[in-house]
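Both complexes below contain chain A, partnered by chain B and then by chain C.
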Partner chain A sequence: MRLQTRVQSGSDIQERRVTDGRISARWFPFFMLLPAILFILVIMLFPLVYSFYVSLTPYELLKPNSLQFELSRALRNYQTLFAESIFWKSVGNTIVFLFLSINLSYVIALSLSQLLARVTRGQGIMRTLLMVPMMFAPILVGFQFRWFFNANVGLVNNLLYSLGLMQERGQIAWLVVEPLGMFSIIVASIWMNLPVLTIILLAGTLSLPQETFEAADVDGANSWQQFRFITFPLLAPFSYIALTILSLDISRAFDIVRIMTDGGPAHRTELNWTYVTRLAIDNTKFGLGSAMSWVTVVLAVVFTLYFFRQLVRSRVVQ
Partner chain B sequence: MKPGEVVQRRRPNQRLLNFLAWLILLLMALPAFWIVLTAFRPNSEINSWPPVWVPQEITLDAFATMFGLNPEERMRVPVESYMRNSLLAAGISTVVAVSIGTLAGYAFARFRFRFQTAAFLGIMLSRAIPGVALSLPLFILFNQMRLVNNFFGLAAVYIAMNIPFSTWLMDGFFRQIPQDLSEAAYIDGCDYWSAFWRVELPLALPGFATAAIFAFLAAWNEFQIVSVLSRSAASRTFPPGLFDFTEQFTFDWRGMAAMSAIMMIPAIIFVILVQRNLVSGMTFGATKG
Partner chain C sequence: MHHKAKLLIFIVVLMLGTGLAAQDMAEPQYAGLDMDLSGINIRMANIGGGTYEAMYESIPIFEEATGATVEIVALLDGFAIDQKLKVDFATGAADYDVAWDHTSFMAQYTDFLLPLNDHFSEEELAAFSPAILDAATVDGNLYLIPRHADISPIHYRLDLYESEEIAAEYLAATGEELTVPTTLEEIDRQARFFVENGHSTFGYTLAGREEALTGRFYEMHFASGGSLFNENWEPTFNDEIGVAVAELLRGWYRDGIIPVDTTDRLWDGVAQYFCNNDTAIKLEWYGWYAWFQDPANCAVNNNFGLARGFTGLSVGGDAVRPSGWAGAHAFSIPATAPNPGAGAQLIKFLSSERVAYEEAQLGYLPVRDDVWERIIADAGTARNPLDRERLVLAQLQVSQDFKTPPLIAEWIPFSNIFYPHMQAILLGDVSAQEGLDQAAAETRELMADAGYYG
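Showing the complex of A and B:
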């Protein structure tokens, strides 16, 4: 409804201004958008297209002449990739990682926001405490958890020992043993994701109309019913904003994984991102690495597009 | 909670709720305090077994070593150079990116034009491109243009990376300003640019500040791109600089904690500054069409 009126009054103005002789309503927005579009075209889109070209060549950094396109072998990098079992392992790991990390982050943030919305004392300080993980660069999160999960001097093992749950030094190698490596990475990424998610969901919860809950109280709905049938559905737009931001930021988790395990040992925690680095930077096979990075980009874009469409849909329903 | 307790259920549980919330939040914040504390402890305590939990000694050794003031330690980390590079790259890219994002956000918030949705989606999706995927072709291209290890090359990449989120935030902030103001300005004879520049931009300055903080932190914290594009010690920023404390199998955890503490300073300042604007900045889309 609101959208409708805005569009109308907007076009009214635009019609009035067209006759004016200065920059017309038709061109003004493009003029405003021009710098943004130029930067993105030159620095993001062009390199991306270029990397697709590189992915069709056998380019290796140490062989400069190998950057040459031949139709007959154009898809060979992709063939090599798809025939590689590590590739499938990395795709599988990435899906498991994203699924667990995003879902658990969301569920924990949702519970935490419901808890914080009911707190009566010290809300201000609590909100500051909540933002503490935001002060950490992803790479710091990685180093921090690599240290915490370190077998010999790590906080986690030290704690287990001091609590009497562990007998020897270095008994649990968190980052080495399967599936503890994956577990550690997911814990680190959830810790990093929580503040933004919780803050958005908390703001959403606090903005919900109070009358609805009073009416539900009168009708005798219990807390769970109120959450399930009122809070949760009304939070949908906030949930999708939070998840969209998260899906845009999730590749920051790459920094964490790169530091904590770097995809190892023996590819146990290999994700799409670490595999790109391994192929391209460590092995200097730029062609193959570019092919892998294109697979990663396509997956990332599909993923974000999904959340974005849900976001738009939930806004329209309102 | 059982049904039937509806009216009175809030009171008996309130203390428990408050306590639980405090406990969870303190546990969440604990790692940060632990890192900062570690920076001030002697190495013997950090690596001791059985673990020493209560600090027995507070020392500035780690910082002295890092700044090269410790005569016994030969290791020297070029912190000043990291600091300068980080501040410049983050500062310059923030100013440019948020300015560009403000223009674009205004166009999206106030006008209806052809390909609007496509343009918005395209700008947003460019943010979804993982840094890894971008760093590789950029390295190949920059290598040919001799822009590797070059400050301006890095700053340009950070500008492009920060435009999408700035655009999104500013779009939301402009939407919160009542449309009547610009309409009144048009009637008073303003053209589009001066309505934007004189009337709406001043009102959106809190939004500008919020967007700037996000952009600054994103550039300050960025690791993947700079680790590929800046290969010399002189052109590195803080994040890749952390690797100075690592060798194949040994980590100087304390040195790293000290550098982390320095790296967190702008983030701490900004989190305190931005607290209020943060929520309204990120949730506009849910409440306003």
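Showing the complex of A and C:
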């Protein structure tokens, strides 16, 4: 209450000063924020609103005159999408991709972080090595794993052949056969995700209070029990932050998929992001592509909201 | 005096003869160097990769002669540059003076291209193939200048066709002589024989993605007497002939006649299989010839022959004809080009007799008559008889079998609908009839939306 009074009185002084000019104190903060607000409006909000408008039109990229809104046809793009089996396949593939990529990334990163936390010598070098995948642009990761999984000259097939696990060279078309195509892009995605997740979880692990573990030692808890009942629950906020960042960042996998399989063959690895590109750019149906983008955005928001709720809940529990 | 006159005539004739001979031997000439373009930066977005980029090494000659600088803003493969052009055209961001083009893709770009009639004289255009220029002219406006043409002959491995043991084995197995195939059914029998008897890793290869797959299906369907569309632009590729072709390809994939990763491979990927001596027979563009013959790169060098494209499946009856899917890479000028005049000069240079001749030496088929004459004359002295035979064959194919896909703006959108269905058929996800019917239904929607049905 006292603080509020002080703020009010400060505001009065400010109001007097600024009223001498033209801007009232009430609007002064907004005025100061105006450049940032305008920037956000222009860079973020306008494209979002405009793309939603486009999604309600039959706009085709090379037919400028097709960018016309008609109320009777406004939902046609969405109706077309929902009626297409490829749409549902891409949504299903995207859910599988997100679920496996994020969860497997998390499990591996958690394991790596626990191992790294116990390294007493050379931890700096280990951390640096761990960061290496972050230095590659996703498109390069795509090229790298496309070569790894190439049927004819790829590293994986040649390794299997050398180990005697494959009778003939080039027997397995990793990027073609179902579900190996999805498996391949998930492996590439996990490789790219690991550094960020591991660093966050490692930082969380190193910040945990040692007294708790010492008390557990005294009580005779073994390493697994300490991890299960102390480390894992205390890491929950870090875990949800890491998973939220990852869920927002996962669309970077578009580059990987575009290069490795381009959503094919026959839409077997089609994800929402590759389908958007196929509709909007390859087929020049920008209206339909924008509708697909909005469906993807809604799904992403739902997914992210879930993680935020879990994050808040984990803090409350703590 | 009489003798003197004779001597004079003899000297004149000798000089004329020498002059004509010298003219025959004259170096091919550059064009487009006759304008001062000092201070102008010409931007170009073009096709790259493979041997496409060798042409651009001549650009410093143009820069030195005209004073212009040339900035290459994009070098992408055919499908990637198509996507870039579409986005740039739609957003008005095509701020370059020369753009890649292709006879199969041009129809979708014409609203965004500059007609070239005012930039090229009749005399300059007379050097190019009239058929290609006709295909590039819409409502009297010429939209591209061709760079090189391409059409596919059959490539076959000599070690398989010149072996007496293999020929005897084939005769015993099939009751037929092993000769270079001329029909798709012969290719089927021979490709299967070579794989099943361990003579070749693969019997045949074809690109299995994007317009490359659509085009190869179109070619086989056409050679079998079919047509993708009827006169009302209704899709007809799901007819009996289409199903037979699709089932042939499906069988090849199922039985390992074509590679297991076919649907993941484009032109360079499948050419690599032939280069490695892993493929017995394939229909392949002439443009790969120099690479295949390079002992530093390809095991198949000096181990392959060429033949005219196959005729199709007998299900087409009397309508079967030689395959001949063809087209031409080209140059265009975007309507939003900052320096269209300078861009035209660069196109004149790149399509000049000299630069076109140098590119033709890599194996590409020329689109200029004067370059044809030169490379045929060159091949006459070549050590490898195939160097000459290929040109005679190419001329035959270009003159008799040259067949572009439908020159409509919907060709690429149609292809984007079609090829995933064709992949699904190859992979066995759907039957041939089911896959083609689905593709036909979606194509009908595409054509209806584009206003083809009134």
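Going forward, the second predicted complex is superposed on the first by the 274 of 318 C-alpha atoms of A that agree within 3 Å, B and C clash if a C-alpha of one lies under 4 Å from a C-alpha of the other, contacts with A are read in each partner's own complex, and residues count from 1 in each chain.
Everything that follows uses one rule, which is that contacts are C-beta pairs under 8 Å (C-beta built on N, C-alpha and C of every residue); 3 or more make two chains touch, one makes a residue touch a chain.
This one's a predicted model, so the numbers in the text were calculated from it and none came from an experiment.
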Exercise for review: Report the partner of chain A that touches more of its residues: chain B or chain C.
Suggested key: B
Exercise for review: Name the contact category of A:I281: first (chain B only), second (chain C only), both, or neither.
Suggested key: both
Check your understanding: Touch check for A:Q68: first (chain B), second (chain C), both, or neither?
Key -> neither
Review point. Counting only touches as set out at the top, which of chain B and chain C does A:S293 meet: first, second, both, neither?
Key: first
Practice item. State whether A:I43 touches chain B only (first), chain C only (second), both chains, or neither. Key: first
Check your understanding: Regarding the shared-chain residue A:H267, is it in contact with chain B (first), chain C (second), both, or neither?
Key -> second
Practice item. Considering only the touch criterion stated at the top, classify A:M135 as touching first (chain B), second (chain C), both, or neither. Key: first
Review point. Taking the superposition as given, does A:L248 touch the first partner, chain B, the second, chain C, both, or neither?
Key: first
Exercise for review: In the overlay, answer first, second, both or neither for which of chain B and chain C A:L175 touches.
Suggested key: second
Revision key, fill the gap. Contacts of chain A common to chain B and chain C in the A-superposed view 150, 152, 281, 286
Practice item. Quick one: which bits of chain A touch chain C in the complex? Just the residue numbers, please. Key: 58, 61-62, 64, 150-152, 170-173, 175-177, 261-262, 264-268, 278, 281-284, 286
Exercise for review: Please name which positions on chain A make contact with chain B in the complex.
Suggested key: 1-3, 6-7, 9-11, 13-14, 16-17, 20, 22-23, 25-26, 28-30, 32-33, 35-37, 39-40, 42-45, 47-48, 50-51, 54, 59, 112, 115-116, 118-122, 126-140, 143-144, 146-148, 150, 152-153, 155, 158, 161-162, 169, 191, 194, 196, 199-200, 202-204, 207, 217, 220-225, 237-238, 241, 245, 247-248, 251, 254-255, 258, 273, 276-277, 280-281, 286, 289-290, 293-294, 296-297, 300-301, 303-305, 308, 311, 315, 318
Practice item. Under the touch definition given earlier, write down the residues of chain B that touch chain A in their complex. Key: 1-4, 6-7, 9-10, 14, 17-18, 20-22, 24-26, 28-29, 31-32, 34-35, 46-47, 49-51, 53, 100-101, 103-104, 106-108, 110-113, 116, 119, 121-134, 136-138, 140-141, 156-157, 159-161, 163-165, 167, 179, 182-183, 186, 191-193, 196, 220-221, 223-224, 228, 238-239, 242, 251, 253, 256, 260, 263-264, 267-268, 271-272, 275, 278-280, 282-283, 285-289
Check your understanding: For chain C, which residues are in contact with chain A within the complex?
Key -> 83, 86-87, 89-90, 108-109, 111-112, 208-209, 259-261, 263-264, 272-273, 409, 413, 416-417, 420-421, 423-424, 426-427, 429, 449
